Amino acid sequence: MFIHEHQKRIRYGETDQMGYLYYGNYALLFEIGRVEAIRAMGTTYKYMEEEMGVMMPVIAMECRYLAPAKYDELITIRTILKELPTKIIEFHHEILSDAGKVIHKGVVKLFFIDMKTNKRVSTPKFLTDKIKHLF
Amino acid sequence: MFIHEHQKRIRYGETDQMGYLYYGNYALLFEIGRVEAIRAMGTTYKYMEEEMGVMMPVIAMECRYLAPAKYDELITIRTILKELPTKIIEFHHEILSDAGKVIHKGVVKLFFIDMKTNKRVSTPKFLTDKIKHLF
Amino acid sequence: MFIHEHQKRIRYGETDQMGYLYYGNYALLFEIGRVEAIRAMGTTYKYMEEEMGVMMPVIAMECRYLAPAKYDELITIRTILKELPTKIIEFHHEILSDAGKVIHKGVVKLFFIDMKTNKRVSTPKFLTDKIKHLF
Amino acid sequence: MFIHEHQKRIRYGETDQMGYLYYGNYALLFEIGRVEAIRAMGTTYKYMEEEMGVMMPVIAMECRYLAPAKYDELITIRTILKELPTKIIEFHHEILSDAGKVIHKGVVKLFFIDMKTNKRVSTPKFLTDKIKHLF
């Protein structure tokens, strides 16, 4: 299992007139979570795209809104890999309020595309090599 | 059953460097779909909040990304109510490409809050009265 | 002179907790205005990028916020070309409330890049040919 | 004079298909800059709104795009107050690339509204007291 945490402050432009983080903005939190998780593994998504020619489109997302996130709150994005990825990589996310309560749960599934052939491929070896000892 | 369709053009600011609609921007398409569906029922979400004191927070969302939406594409947001809402209202969405192909499926579940008491309530009668003949 | 008008409804996700359109979202209104203005001229920005290999980066923007735009308001984006573009194209924008009052003024200046050479070029002839009779 | 710097990473969802930070997303960088500058002064914008009943709507913004910001780049938002604010507060911003080059300049002017009376007021004394020794 791989767990990573990253903090982010909620901005005015990310709230809506209900006074909370807009329900559509959690996807950006998940993006931040998985990109920083990949950086913590010892590589970057930017490197994957630019140097390895592999991109990761999203295939599915699920969100459960338990409690709202508020303006200026310093939330924690917890990102969890429960299994070593194969054809699909599945990120589990928990958003924690500044008081440490889980206020949102999400799952994002992505696959891998070889940008030269535009064909689907398995998880690149350079990525699994960095994390396989954790599973 | 209630089905409503609304067209929207994909803007540059809504794409990302993959050249497609960013995966986090489908939530806004769903918002447009359900708000325009409510308008087609003969009322508005703005009226519900401002005049009836009822707001509709999102409790869950599911997205399945079948094919990308492209810059300047005139997509169709299809919004479907399969059941008369009770404590929860469940909108099913299909996003259609300009060629008429379903490229995305989503489900958004919302509940109702009385803004004075901040308590959860059932679907307001003025809303069910407008649509119950359809089910 | 070239004047074009396009209507857009303000969405929940575009408001902030002040209850108004977020000050950073006017740039998207200007994008919509200029893209629809170019479509009204008889071509598209998408065609310019994909077929003619010319893109238009923004070089400067000015915004004056006169009154707020509200949730669900059907605003009008007025786009004005005062002069035939040469090395720079300058779009003047006025945002009108649903009551027809000017609530925002903006100016966006863009230039032209040949995407093959990555060099700056003058306004493409196929574009000026479509609008020169108006000036 | 008051100068403050804050770092932010550019996210995928903030880029567009040109491969750069979307031109409309600089306003959010300015918001982050001024909110973190106010925090560095020893108060918060959230406190101003919630406890002091004062909000700060934007009256004008100017942007000069010198060079693009790229995906995953760790940019610096430099925020400068050149004068002690009176009826208007004027934030000057410079965005620096990860190589330390100024790639964008912006100015945002805001005023102060007493949220109870909805009337315009001068800069609150509790704010000027915190910064007047700097000018």
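When the chains are written out, they are named A, B, C and D in that same order, and each has its own residue count from 1.
Methods note: a residue touches a chain if its C-beta (ideal position, glycine included) is under 8 Å from a C-beta of that chain, and two chains touch if they have at least 3 such contacts.
Small disclaimer: the values here were computed from a predicted structure and weren't measured.
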*When the contacting C-beta pairs are counted for B-D and for C-D, which pair yields the higher total?*
C-D
*Which chain lies the greatest distance away from subunit A when centres are computed from Cα atoms alone?*
C
*Distance from the mean Cα position of subunit D to that of subunit B, given in whole angstrom*: 34
*In whole angstrom, how far does the Cα centroid of subunit A sit from the Cα centroid of subunit D?*
28
*When the C-alpha atoms of subunit C and subunit D are each averaged to a single point, how far apart are the two points in Å?*
24
*Which residue numbers or ranges of subunit A touch two or more of the other chains?*
12-13, 18, 22-25, 27-28, 31, 71
*Partner subunit C, residues of subunit B touching it in the complex*: 11-13, 27-28, 31-32, 35, 44-46, 71-72
*Contact residues on subunit C for subunit D in the complex?*
18, 22-28, 31, 55, 57-65, 68
*asked:* List the residues on subunit A that touch subunit C in their complex, please.
replied: 12-13, 15-20, 22-25, 71
